[in-house]
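Given below, in the form of structure tokens, are the structures.
Same chain, two partners: chain A is paired with chain B first, then with chain C.
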Partner chain A sequence: MKSFVDEVVATPGGENIRACIQCGVCTGSCPVANEMEYPPREIIAMIRAGMRNEVLSSNSMWYCLSCYMCTVRCPRGIKPTEIAHTLECLANQQGFRVKGTRTPAMYRSFVSSIKGNGRVHELGMMFRYYMTTNPLAALKMLPVGLKLFLRHRMPLIPKRVKGKEDLSKLIQKFAEIRGSE
Partner chain B sequence: MEPRIGVYVCHCGSNIASTVNVEEVARFAQDLDSVVVSRDYKFMCSDPGQELIKKDIRELGLNRVVVASCSPTMHETTFRRACHEVGVNQYLFEMANIREHCSWVTEDKQEATEKAKALVSAAVRRVYYHQPLQSREVTVNADTLVVGGGIAGIQAALKIADSEHKVYLVEKEPSIGGHMAQLDKTFPTLDCSACILTPKMTMVGSHPYIELMTYSEVEEVSGYIGNFKVKIKKRARYVDEDKCTGCGLCQTKCPSKVDSEFDAGIGKRKAIYTPFPQAVPNIPVIDKEHCIYFLKGKCRLCEKICEAKAIDFEQEDQIIEVEVGAIILATGFNVFDPTPIYQYGYKRFDNVITSLEFERMVNSAGPTDGEIVLKDGSHPESIGIIHCVGSRDEKYHEYCSRVCCMYSMKLAHLIKEHTAAEVYEFYIDIRSFGKGYEEFYNRVLNEGAIFIRGRPAEITNIAEKPEEEGNLIIQFEDTLIGRQRRLPVDMIILSVALEPQPDAEAVARLFNISRSADGFFLERHPKLDPVATMTDGIFVAGCCQSPKDIPDTVAQASAAAAEALAMISKGRVEIEAATAVINESICSGCQTCKLVCPFGAISFEEEKEVCRVNEALCKGCGACVSGCPSDAITLNHFTNEQIVAQMEGMLV
Partner chain C sequence: MKNYSYFPGCSSEATAKGLGLSVQAIAKTLDMELIELENWTCCGSTPYGSLSEREAILVAARNLALAEKTGLDMVTPCSSCFVTLYGANLRLKQHPQLMGEVNEALAIINLEYHGEVRVRHLIEVVFNEVTPEVITSKVKRSLNGLKVAPYYGCQMVRPDYGFDDPEFPQSLDILVNSLGGEAVPYPLKNRCCGGSLIISEEGLALGLIRKLLENAVENGAQCIITPCPLCQTNLDAYQSRVNSKFKAHYNLPVLFTSQLIGIALGIDPISLGLNTNIVSPSKMLDYIYKVKQGVESGA
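Right after this comes the complex of A and B.
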């Protein structure tokens, strides 16, 4: 098996992590750094130290908001945002489950909706999300859902894109390259 | 004389022998045409190695030699000399590079051995056609040109002039002194910069062997090592240097106020000015762009007040031509402008300033008389110093500017000395590598400066908590704690990078030298020839070559002076015989060669209507050979016959 750092370096966006000088500009720029178990700079240090289990079972990457501030400011051309998404994929593939965040469930509902319809069907997506996380929480969202429904922004029947088969092929090809869903 | 070739395959310890089967290569060479003897040896460059060649020349009557070893830039001279010493012309030697071109870059032993054989075979075929050539000597003009009057230029000029050889020192500003004159104190000894620099400046000003040309720039350079011709433009000062007494009265009366370059923009000067009180020469210049007379046609106050009648509005730029044997470039550096780093707020926030601006502020001769003040005139209670601004960042400069850690700590010391303010140093790594530098780091730590490891993410004035109100807030990760933090401070100093001068490219072209990827002038060899350039007779010193501190700059300037003096003292230089020759009976006078020659070595003879090569200028690049439509040019030591033979040898 490849070492953890090699595994990350081989993914798109992970190329430069060996060049990290641990300056901390990523963590300093991160709006959610203090919520994470390990801030971005430490995640890179831990990847290089081969701490696969600690990194992949942490909540850090799932908290990333994709604001790209770290990527813009990094003096070494490292892309912590891309690395966060890579780590999400790896955690998912390798069966790590994170407590305290529902982001993976949200991703799964989103992707399943895309796979089924070629685009997001909000009602279906949110239904699946709440059913797999906390069905009671859906009650809180009911007033907003109702408003959206009345303004024709939340159709009951999903709309599908033309050429859904072509899209399926694209998704399949992507899964082959990336090695995950 | 029938060629009798000796081949010597070097092991270079294990550098070559661990990848190339050297014994097999030597056996292979034994069977090549005209090869009399072929040997392999542990270190050919060693004395016994060279002796091996000499012995074979004497005993076996060799008249051609091939050494298969390292790059010719390493040891060609060594083996040429060995041949020469026993009566074989040095140009009857050829080197096959089986280290850099073969063993170091090939993994498979079999492949490497085959490649080494091909390279040796090529060299043997080539050397068969070599012609004996004679190196020539030219005399060296004993005068030297030094460009740039900072500490590097001053040091180099003084060293040469002290040996009673003439130096022309050209400086584009109105005074010599450079950046060092702007600094307050110098690390790690805390000498006052002006106190150690101005005596040297005065010596330059009064030295009988130095001709100082300030407010001047080099316009044109021609010629070659030992014999350069240089045109210097002396810009009009509008002040007669012979009449001016330097009393300074004109500067007090001039009504036009401008940002002072010397004070890094935080102080003012007049339109007629000397940059600072100890300027050398102590003769003002009129800045035409801001002088009211030049702008509006009225004023001439300075002229009225000047008792010596030294003001001369009619003065014009002068072109001065000088001839020199060597040139030392000491054109210095530029400070990085941090405005593009938006998140640091330079020019957006009043109290974010650069290190050079702070240097002028803390200097007792500066615009605030050495008082550390905020824009509103009050005194800061806390100051943050941010390292590596514009350095170690692929978006600006990838390199480390070498001096920022140390000068930042010096500034921390000065703040502690002048005020009771808290000082925070934001660093990534502390680089205190010089003599007494680590001790200085220790001293500043003990003086109470707080060191925080982390490159700050941003500077803002938007408070998130009441205690942040009215301050600048630095947001950063304290990497040694692993937490994101915010720190309110009153003033922030950006320790900016040193970068190449904005005109470095033009200057490099003017003197026909190269620059490295970072934009600084390129030395001939980073370790073994650090002040020479690829153009013979032109040397570099100081920060134009790379960022460096004052001790290194002075050492390098002395080295450049020694190089120039070595040339002057010998009085002549040897010039490579591998130059182009034009066959006049074939030349049609089309002058294509003259057009393509990058060294200006070809001239057209009107009378005979042919072109001719100046051998002293020719570098043997071969551009003219391939450019000539009539095939009239031959490059000695790179003839068609030799090159074709080399290629055939390679393909065997």
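Right after this comes the complex of A and C.
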């Protein structure tokens, strides 16, 4: 089995991770560093130390807003944003479940909406999200949803997208290709 | 009239309807022919890339392949679609193995991608190709010094895809001024609004949104403009949530850049989707229209 750091290096965007000088510019630039169990600089050190379980079961990457501030500022050309995406993918594929964040459930609802409709249908996506997390929380969001609906910004029925069937075929084929490697 | 392959993005037909409507409304006047990409689907999106990076690139590649067939530049008004499509394009070109796998899959729906599409943000095209000077020459209703906070958000200027400075962007400031408005200093203009975490981590995102509203008000802004559908929805639709959480009284209209351009070009508010904005822009519209009237009646 590949070491954890090699696994990350092999993913698109993870290439440069060994060049990190632990300067902390990424953490200092991150608007959500305080919310993370381990802020970006620390996560990178932990990946290099091979701390797979600690990293993949942490909430850090799920708090990343993809604001790319760390990425444009890193003096070593490392892309902590892409690394966060990579860690999310690895945690998701390897079945890590993270407590204290609903972001993975939200992303899953989002992706199943895309797979089902070809495009995102917000209402369907929100419905699925609240049903799988906390149905009562949906009540709190009703006023915002209603405002959007009244301003014609929340269609009830997903638009029929012609590319939808092609998209399903494509995704299935890609899984076969990658699975047979 | 120049032709472009137009990729609207999911939200410009739904939560960001004002974006879709206003872009269509201003395009003709700015000599842009936006030809909607046939059979487009979701761009590939950040949430998708956070669960399955390669599959998200595949979804993007299908759209890129469709655009490549048109031979035109691919233009999107959505900052998030822009980053996804541009980033996927870059990855595919840098990773021949990935490109090979993607093409093997694309073959099943009779598509092929060669990596030749130029992905562009609508604002970049407006800025670099239409140019602020030409826009000024087309202004029918000057904004009369309306004070505007230009909010870039993250995805238009970051990652550094070369359009504008990622730390001190200027393009929107210059566009506002070219319409007769006044871009106020807005130190937080490129800070994050919380993006889609408004759904899963509402409290966190509301805190970020509050800072953005506060910073705009402090600097005397009569409205905020942004090109991004996520930013607009967060600042506009969730403004009342900020008010209740922080016991505040913000009432600051948040417009799409294209809506503000449309107002100055003399396009009517309904065509620009201004009735879909949640915080009513009527006060700032009164300001623009009344000052103008005052000048006319005084003349």
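The working rule: the second predicted complex is superposed on the first by the 168 of 181 C-alpha atoms of A that agree within 3 Å, B and C clash if a C-alpha of one lies under 4 Å from a C-alpha of the other, contacts with A are read in each partner's own complex, and residues count from 1 in each chain.
Criterion: a contact is a pair of C-beta atoms (placed from the backbone, for glycine too) under 8 Å apart; a residue touches a chain by one contact, two chains touch by 3 or more.
The model shown is predicted, which means the values in this text are computed figures rather than measured ones.
A.B. asks: Following superposition onto chain A, is the placement of chain B relative to chain C best described as a clash or a fit?
C.D. replies: On the superposed model, which is not a single observed complex, chain B and chain C fit side by side.
A.B. asks: Chain B or chain C: which reaches more residues on chain A?
C.D. replies: Counting residues of chain A touched by each partner, the higher count goes to C.
A.B. asks: Who does A:K164 touch here: chain B (first), chain C (second), both, or neither?
C.D. replies: second
A.B. asks: Would you sort A:I114 into first (chain B), second (chain C), both or neither based on which partner it touches?
C.D. replies: second
A.B. asks: Would you check which partner chain A:G50 touches, where first means chain B only, second means chain C only, and both and neither mean what they say?
C.D. replies: In the superposition, A:G50 touches no partner, neither chain B nor chain C.
A.B. asks: Once the shared chain is lined up, is A:E122 touching chain B (first), chain C (second), both, or neither of them?
C.D. replies: Only chain C; A:E122 stays clear of chain B.
A.B. asks: Please compute the chain B to chain A to chain C angle from C-alpha centroids in the superposed arrangement, rounded to the nearest 10 degrees.
C.D. replies: 80
A.B. asks: Report for A:T27: first if it touches chain B alone, second if chain C alone, otherwise both or neither.
C.D. replies: Once the two structures are laid over each other on A, A:T27 reaches chain B alone.
A.B. asks: Based on the superposed arrangement, let me know which partner A:P75 touches: chain B (first), chain C (second), both, or neither?
C.D. replies: After superposing on A, A:P75 lies in contact with chain B but is clear of chain C.
A.B. asks: On the combined arrangement from the superposition, state the nearest Cα-Cα distance between chain B and chain C in Å.
C.D. replies: Checking C-alpha atoms only, chain B sits 7 Å from chain C at its nearest point.
A.B. asks: Does any part of chain A touch chain B in one structure and chain C in the other, and if so which residues?
C.D. replies: Residues common to the chain A contacts of chain C and of chain B are 69, listed in rising order.
A.B. asks: Please output the residues of chain A touching chain B within their complex, sorted ascending.
C.D. replies: 21-30, 33-34, 38-39, 41-42, 69, 73, 75-77
A.B. asks: If we count contacts the way the header does, which residues on chain A are in touch with chain C in the complex?
C.D. replies: 11-13, 31-32, 35, 63, 65-69, 71-72, 79, 81, 85-86, 88-89, 92-93, 101-108, 110-111, 114, 118-122, 126, 129, 143-144, 147-148, 151-155, 159, 161-164, 166-167, 169-171, 173-175, 177-178
A.B. asks: What does chain C use to touch chain A in their complex?
C.D. replies: The touching residues are 10-11, 13-17, 38-42, 45-55, 57-59, 62, 83, 91, 94-95, 98, 101-102, 104-106, 108-109, 154-155, 158-160, 166-167, 191-192, 194-197, 199-201, 204, 208, 233, 237-238, 240-241, 275-278.
A.B. asks: If we count contacts the way the header does, which residues on chain B are in touch with chain A in the complex?
C.D. replies: The contact residues of chain B facing chain A are 343, 388, 392-395, 428-429, 453-458, 475-479, 482-484.
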